[in-house]
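I've put the structures underneath this note.
One chain, subunit A, links the two complexes that follow: it is found with subunit B in the first and with subunit C in the second.
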Partner chain A sequence: MRRLWYYARLWKGYMRIGLLILVQYPADTVIWLVSMILREASGFLGVVTIANVAGGLGNWNLYEICLLFGLCAVVEAIGQAFFDCVWEISGSVRKGTMDVILVRPAAPFIQLLGRRFHYPALLSIIIYGAVIVWALAHLRIAPGVGMLLFLIEFIVCATVINSGIYTIFNSFNFWIVQGEDMAVLVQTCREFAKYPLAVFPVLIRSFFTFIIPFGFVGFYPAAFLAGKAGTEVVLTLPLCAGAVGLAAAFIWKKGLGSYDSTGT
Partner chain B sequence: MQKFYTLVRMTFLSKFAYMKAFWFNIAGTATSIFIYYFLWKYVFRSQESLDGFTMAEITTYVIAARMLSSQFGGGINTELSLWIYEGTISVELLRPVSLFFTLFAKRTGEFFFFILFKGIPITVLCTWILKGALPYGGAEFLLFVVSVCISIGIMFFMEFMVGICAFYTHGYWGLAFTKSALLSILSGGIVPLFLFPEGLASVLGYMPFAGMVSVPVQIYLGKYDATETLVYISIQIIWVIILYLAAKLFYIHMLKKVVVQGG
Partner chain C sequence: MSRIADQNTNQDSNQIQVRHLVKEYKRKKNKGNVRKALAGMFRPDYEVLRAVDNISFTIGRGEAVGYVGPNGSGKSTTIKMLCGILTPTEGGILVNGIVPQQERMKNNKKIGVVFGNRSLLWWDVPVIESYRLFQRLYEIPPNRFKENLDRFTEIMGIGPLLGIPERQLSLGQKMRCNIAAAFLHNPEIVYLDEPTIGLDSESKASIRECIRRMNEEEKTTFIVTSHDFQDIETLCRRIILINHGRVVVDDDMQKVKLDFNREKRIQFEVDSNPWYHKGMPSMEGVRITDEKPHSITLEYDVEKVSSIHIMQQVSKLCEIKDVAISGRDIEAIIRDIIRKDNHSI
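And now, the complex of A and B:
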């Protein structure tokens, strides 16, 4: 219990630091806001235009595609807000600043995450949340307790999957130099998951279902909400999140174990 | 000229040293080509052509457009912003060659590296595998090359101005992300400009952004006749001049404002 209290206080401190960074460079904060919205919007624009020309993709209409995009974007925005620092692993390993984290009493992973919160991402959470609500309204999916519970389950599980995958690939930096390029490649591949996976060849579809399960971050939950997939999604989502979460924790621990400082 | 050559060579070699990292970059671009290829393929299942584009032509558009717009992720703006952020700009300003000159040489080196190790091999490979259209003709191909070369000018001056913005924002990632997202939308790097609403499409056609992706690719595919090609290339040149003057003014303004963080 005391431990928990300690972490709550620590987290509050980190949030305060994030806020201070935010107001310290106001112009940069504005640019961040713009960039976060634009990054998702550019892909969104592409798929909406293509779907508009074709009158939908496969058996997915425009609103269903918007729903899928909204789900994906919200999860990514949560990751950007609170889990963005996993991208700093490579720099910390190369410069040896991971030492600082290791000598302090709190859990290293919490400390890593606490380095910086990107509050600007909260705005994109709101915007893409609105896209989800808008799409759901157009699809005439009645809001209810069941849907709300599923959305909560989705947000928790998908965040674990999404940020877990980033953590895994960024943790490879403990063993190889410039491993973040691999993580960036994984992030690029994530683009696939923003579109209805049914459009792509079976090979790609199974890759994003079984090997790197980005399909669970958007496609399968959206398919469930739109009535294209059955209740198996509700069950597999937490299973997948558990598997990715455990793998991420294991690789992070292993990586931290094999970390030796730069010696400076 | 000797100085320029040395700087170009240096950039080229330092890029070469990170060849392993570049493989991932190449794979990323190839991935994004594949995504859009599959999406378009789906569209063309139910129709033969779209605004006069066949599947083979759209494939080529996707390959060339994704390839050219993958340059937006790089560029000298991050380096310039970083110099400003870390304060090393003071050293750069003291050097006997101008900042413009050094950065342009770096950009040229980066461009050559991009063309040689990514542009040509991936374009040829993807065109072959995905069955894209070949250039419309020899003259069109030459004009395409000319247009791409002019586009470095447009890109460089824009990157320069974006980089300098770090004086106001004191950060660099946000700027870099904004730039690459905005440029790829406005240049036609994500969807061809003719798919936008008509008014918007024609306005964007005359903007400098189109000169980086849309114009060269349309020339390559033979979508412009001789006069149109000449008009669009002249517009590109005019934009290079305008952007040069803008960058110069911005630079002079910046020099008066320069604040170096720390020491």
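And now, the complex of A and C:
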């Protein structure tokens, strides 16, 4: 309990620093925000255009696709707001700045995350939240306590899965210097997760379910909300999050153990 | 020559115990041509580099130890293992009775670290904000934080800098802010890795003063690595010299000076150097260390040859305008020990 209080206070401190940085570089903040929205929206527009022309993808209609997109994007935005620093593992290992984290009395992973927050991403969370609500309304899915609980479960578990996968692949940098390329490859693969996986061959579908489970970040939860999948989603989501979370923690710890710093 | 840890003495006199410490790095072999380098991408060929090779020593509470050696001798590697950043390949480290790698966070609460070439502060925000975050990180009570902040702001003279973001500070100012940061949580041990690298003499002096005071007033233990032997000479009573990852000397500074100071240095200002570009005829116990058209610097062993004899020899060939004789400083002594050690390998 005392530990929890300690980290809460520490997190507050990091958020304060993050806010100060934000105010220091206003232009940077605006550019970041615009590029982030453009990046997500461009992918989305492609899908929507195809769905509009073809009248849907597989048995997914336009609003269902919007729902899927909204879920995916909200999780990515949360990751960008609070977990973006896992992308800095590569640079920290190469330049040896991980040293700084390792001489301080707090969990290294928390310190890594606290390096930088992207507050502008909070705005995108709101935008994509609105997309989800809008899609749900058009799909005539009645809001209720059950749905709200599921959405909370989804946000927590999908964030763990999404950022956990990034952590795993970025942690490979501890062994292969310049391993960031692999993590970028994984992020590129994630584009698949924005489409209904059901339209892809079994091989691709299994890959995003069992190997790199991006399917749980959008497709399965959206299918559940749209009534295309049963309650098994409610159960498998936390299981998957647990597995990815444990794997990420294990690989991160192993990586720190074999951290070699740099000559000074 | 190293002091082997005595297991029976209490923790107070053995605050840091290092036993048979080894650290090996794997390094990919450089292939020399592109074709081989490409092949190496798939079947890498590693060579093992032993940066630290069987080092043992103990350091007691309140000691100030200079940890010196040439570039690449394993100084920083040792310091990083002591802080818990790197995991030793073999051997053991105990700091305050715990293994830093296993209980890193517990160990970190009691240590302060200063890297001469790496800042521990936040780049974009005013220095005071970094300090406030340190207060949270180390759970420093508000009263003590204020007390320490006032104290070190004064010692390091950084009062006017607290409101400025680190990126706008000069190198010396940055370093002073970093040193103050390392003391805010009353650490028991402070590791300083090249704390004065690239600083002017005024900044160096204020940093040395701070360290000396903390060592005397708070009995803080210090381990300092530096290339600046004046740092080591003013701060440390004990010196550990390492070369090729091995301890060569571990002794009291004064004793090292006495033991190795059999040599003196003599410097002549002359009208024209007769040996310039020709080389000097060998004289037993004498070595040329520097020669220019109008000056000659020699080092000689006082037990083998007298200064009068050298002066006579020189005055035969040219006109001496000025002479200076000096004992060698610790830097020259260390250089000599290293040279002998390199020969014996």
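Observations on the model:
By definition in this document, the second predicted complex is superposed on the first by the 264 of 264 C-alpha atoms of A that agree within 3 Å, B and C clash if a C-alpha of one lies under 4 Å from a C-alpha of the other, contacts with A are read in each partner's own complex, and residues count from 1 in each chain.
Definition applied: a contact is a pair of C-beta atoms (placed from the backbone, for glycine too) under 8 Å apart; a residue touches a chain by one contact, two chains touch by 3 or more.
In this text, all values refer to a predicted model and were calculated from it rather than measured experimentally.
With the C-alpha superposition on subunit A as described, subunit C and subunit B fit side by side in the combined arrangement. When the shared chain is aligned, subunit C comes close enough to touch A:Gly257, but subunit B does not.
Of the two partner chains placed around the shared chain by superposition, neither subunit B nor subunit C is touched by A:Met1. Of the two partner chains, neither subunit B nor subunit C is touched by A:Ile211.
Contacts of A:Arg9 after superposition on the shared chain: subunit C is touched, whereas subunit B is not. With both structures placed on the common chain, the touch criterion links A:Leu203 to neither subunit B nor subunit C.
The vertex angle at subunit A, taken between the C-alpha centres of subunit B and subunit C once both structures are aligned on chain A, is 90 degrees to the nearest 10. Once the two complexes are laid over each other on the shared chain, residue contacts for A:Val100 go to subunit C alone; subunit B is not touched.
In the superposition on chain A, contact is made by A:Ile17 with subunit C only, not with subunit B. Residue contacts after overlaying the shared chain place A:Ala142 against neither subunit B nor subunit C. The superposed three-chain arrangement places the nearest Cα atoms of subunit B and subunit C 7 Å from each other. On subunit A, the surface patch touched by subunit B in one complex and by subunit C in the other comprises residues 25.
Subunit A meets subunit B in the complex at residues 25, 27-28, 30-32, 34-36, 38-39, 41-43, 45-47, 49-50, 53-54, 57-58, 178, 181-182, 184-185, 188-189, 191-192, 195, 199-201, 204. By the touch rule above, subunit A contacts subunit C in their complex via residues 6, 9-10, 12-14, 16-17, 20-21, 24-25, 96-100, 102-107, 257-261, 263-264.
Taken together, the subunit C residues at the contact with subunit A in this complex read 25, 72, 76, 80, 83-87, 104-106, 108-109, 111, 113, 115-118, 120, 122, 124-126, 129, 132-133, 136-139, 165, 193-194.
Contact residues of subunit B toward subunit A in the complex are 18, 20-21, 24-25, 27-28, 31-32, 35-36, 38-40, 42-43, 46-47, 50, 165, 168-171, 173-175, 177-178, 181-182, 184-185, 190-191, 195-196.
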